[in-house]
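Chains: A, B and C, in written order; residue numbering restarts at 1 for each.
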Amino acid sequence: MKTSHRKKIKLALRYIAVVALTILFLFPIYWLFMISFKTANEIYAYPPVWWPETLQLSNYRVLFEDGDAATVGNSLIVAGVSTIFAMILGTICAYSLARFKTGGEHLANWIISQRMIPPIAIVFPVFLLYVWFGMVDTYFGLILLYTAFNLPYVIWMMRGYIMDIPISLEQAALVDGYTRWQVVWKVVFPMCRAGLFATAIFTFVFAWNDFIFALVLTRTDVATYTVQVTHYFGGQSNFWGKISAMSVLGTLPIFFIVAFMQKYLVRGISLGAVKG
Amino acid sequence: MKNKRPLSQLILGDRGFKYQLIAPSIFILLLIGIFPLIYTLLVSFQGITMMDNDTSFHGLQNYTALGTDTRLWEALMHTIIFTCIALPIELLLGLLMAQLFIDKLPGRQIFIALLVLPVVVAPVVSGATWSLLLDTRFGPINQILGWFTGEEVTLLWTINPDLVYPSILAAEIWQWTPFMFLLLLAALSAVDKSQLEAASIDGAGYWTTFFKIVLPAIWPVMAVAILIRGLDLFRLFDIVWALTRGGPGTMTETISIFTYVKGFQQFETSYTGAVALLIIILLSVLVIGALKKVEIAR
Amino acid sequence: MHAVKGVDLEIPKGEFTVLVGQSGCGKSTLLRTIAGLEEIDEGSIEIDGEVVNDVAPKDRDIAMVFQNYALYPYMTVFDNIAFGLRARKTPKVEIEEKVAEASRMLSIDHLLERYPRQLSGGQLQRVAIGRAIVRQARIYLFDEPLSNLDAQLRDEMRGEIKRLHRELGKTMIYVTHDQIEAMTMADRIVLLRDGKIEQQGSPLDLYERPATKYVAGFLGSPSMNFIDGMVTENKVTINNSNHSLDIPEQIKNKLTSHANKAIIVGIRPEHFSRADIANHQQYSKLSVNIELVQPTGSRSYVTFRLGQNPAVAELRPQDLLGHNTTIELSVDMSRVIYIDPITEMTI
């Protein structure tokens, strides 16, 4: 068989496999989204309905009317603010580690080890502390925790990105008369923009999707959407409409971010592996 | 804005500067990392339970209780089982998927973007979604199985002791295989093509090339991937919580769920403190051991 | 967009053929097509009379040396060299013999237990060559193997590879962008330009009888001077100057069709001499103003102008003694080539 024919057949087979895999992996997401648009009758129809008669938004309306949708807002506040804090503080710390080797190997290793502690082991002590200080179910408390938990990741990643930037740019700026702080803001931050984006996305998504920290540290005021979803799990009757609608509300923003920042996300994961 | 800096300062650098940079981060890490830990250590030596706010010194009582707590060690074992099954499957599947994408493929970017979606869904949502999929009556999984067997399938995925592990594993593998896939794709793309060409000219077959050239080249990334996912699997909570709450009974209770139950449902505060510290110590030992292995391999 | 188009090439057995040209001219693509690493859209490749279009690289009985060595980093030098033999299930004893012989030939037998990361550039290249020759293939392909080495190493390795060719006597096809490598190493040069063969022949052929202006300007360092002029009765007058060159008798016929038309004259730097000591059979004299002198020790390169064109002459250092601003040069007219300005082909 001619090589070119063989190649075409191989390509066709690969394509079929790729399409099949994509369908397989996307099916659960499709199902989730689809349920959120179904009426109660359709949801609890037997055999299961694969495509709703009409796309109706009553499940969503309920969430907004009950005020449950506000939990997405909580997620946004908590994840957004903690990401900003973690990125700023973490990057300047990373700069110190990268350029001045502050604290040497020991500090770097200690920082990365902080990320390896299982959340449950962190959240329990933190919970005790928060109870003492009355910080349970507060924005500040949750933001503080997310910031702290994400710092090691940010520091580690940004350190790698900064080390890739040639130091000559900063030296030139210093010679030009910039102060060291100015060099950080005006030279370093812009130069590692790509790394900043990728790391920020990861940090945000991590905080956004977190469950266990929010479960322990929130009650009613600051409940994030992940916690809210589990409120609809009942003993016998799960409020599937609400579960799926709430899930979609919480997942859609992330999908948009991924769609727009897809390039950075993929680069972030791959570079993360190389640097890790 | 340009300042004229004395040459001496240029040469010596700002010595305080580097500490200023790390100060806020270190402060926060200590605040959240160290102080609560110390507090927990103290609490673990006390006798605080649901009933009793006993803050007197109880010595190592809580720690010795750890040894005899079968539920604890079962939870640990459940966690290890999950890890040991999910990790290899994710690795293998991720590798196979990466192989598919390595050569030119029209629409590559789109497919990759779509395949990444499971990773960015919240694990809780992943668990919730799969509980919908696996529902006995209204879930499509049973329906699809019914098409194959020709009769009605009413498997109780989240209740039947024989089925709960596959259920949880399905959700976990579904969510995280694309992560492995991305990582391994990056690693495979980085393999020096000319080495592969040299091998093909030298006469090496597909498997020889894979095991002798590709695998050693992607091993560093694989090792990192295994470490990251291994750690994540150790903390398995969200997916299990959403699907089975650790049940039936305590069959699928992971170590994180066990700790949560003990601390936040049974309010055995002091004992939980001991458990938390045990987990930290256990994990530190494992991680240090794993890192040493990686160092030696290098 | 084809990298190589309409190439019709025959490579004689046992010869050292060099594919040379600028970056992007298609020489590497051509080599890789011979290797089987690139596909042919149209046409055929035959090795020893057998059509190999659809034959996989490993079945073509070829060996290749890559520009970046392409050594396997996780294997020792021995394993790297033995890799191909092992893949073909050669018996262990034979493998050891052949690797020993190849490594001795390349003076790397003391490095067999080392890993690639422990070796220098020159050593790595020898290992790569060793891996190629150990298999005793019928064709050896070299893809710019010396580009990553520094100048001195390159000189050394050029000689080594030429020596290898003499010893092994196999067909070798060598790709480079360096015209010095091409000139010194080739039995035959194939000069490629934009995916087509500009000219092929022995090095001296291309040097002394270039077919086009491109070939003339490509080979030779410093490159040939191109002077714009006009053909009049017996001379070529140089544009924008008082200078003219006498056309030798035997050339006059060839230029009749160019009478009173523009022409480009090609003179190599070494075809200039100081007029009073030159002994050219056929010559023209030029009196020029020296703009720049660049001495290299053994030679001095004098830059001057002929009309609008800058020109370089290669003289001996002593020729310039006492000449600071002007010098009278003699041009060896028997060596001068004439180029049609429109077709850019030599006449």
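Annotations
By our rule, contacts are C-beta pairs under 8 Å (C-beta built on N, C-alpha and C of every residue); 3 or more make two chains touch, one makes a residue touch a chain.
Because the structure is a prediction, the values reported are computed rather than measured.
This structure's chain pair with the greatest number of C-beta contacts is A-B. With every chain reduced to the mean of its CA atoms, the largest distance from chain A is reached by C. One simple way to say how far apart two chains are is to compare their mean CA positions; for chain A and chain C this gives 57 Å. Annotation: 58 Å between the Cα-based centres of chain B and chain C. A straight line joining the Cα centres of chain A and chain B is 15 Å long. Residue positions of chain C touching 2 or more other chains: none.
Those residues of chain A whose C-beta lies close enough to touch chain B in the complex are 11, 14-15, 17-18, 21-22, 25-26, 28-29, 31-32, 35, 43-48, 50, 89-90, 92-93, 95-97, 99-100, 102-103, 107, 111, 113-114, 116-122, 124-129, 144-145, 147-149, 151-152, 155, 174-182, 184, 205, 208-212, 215-216, 226, 229-230, 233, 238, 240, 243-244, 247, 250-251, 254-255, 257-259, 262, 265-266, 269-271, 273-274, 276.
Taken in their complex, chain C has these residues touching chain B: 35-37, 56-58, 62-64, 66-68, 70-75, 83-84, 87-88, 131, 135.
Touching chain A in their complex are the following residues of chain B: 1-5, 10, 13-14, 17-19, 21-22, 24-26, 28-29, 31-33, 35-37, 39-40, 43, 97, 100-101, 103, 105, 109, 111-118, 120-126, 128-133, 137-140, 143, 174, 177-179, 182-183, 185-187, 190, 221, 224-225, 227-228, 231, 234-235, 237-238, 241-242, 255-256, 259-260, 263-264, 269, 272-273, 276-277, 279-280, 283-284, 287. On the side of chain B, the complex with chain C involves touching residues 192, 194-195, 197-205, 208, 212-213, 216-217.
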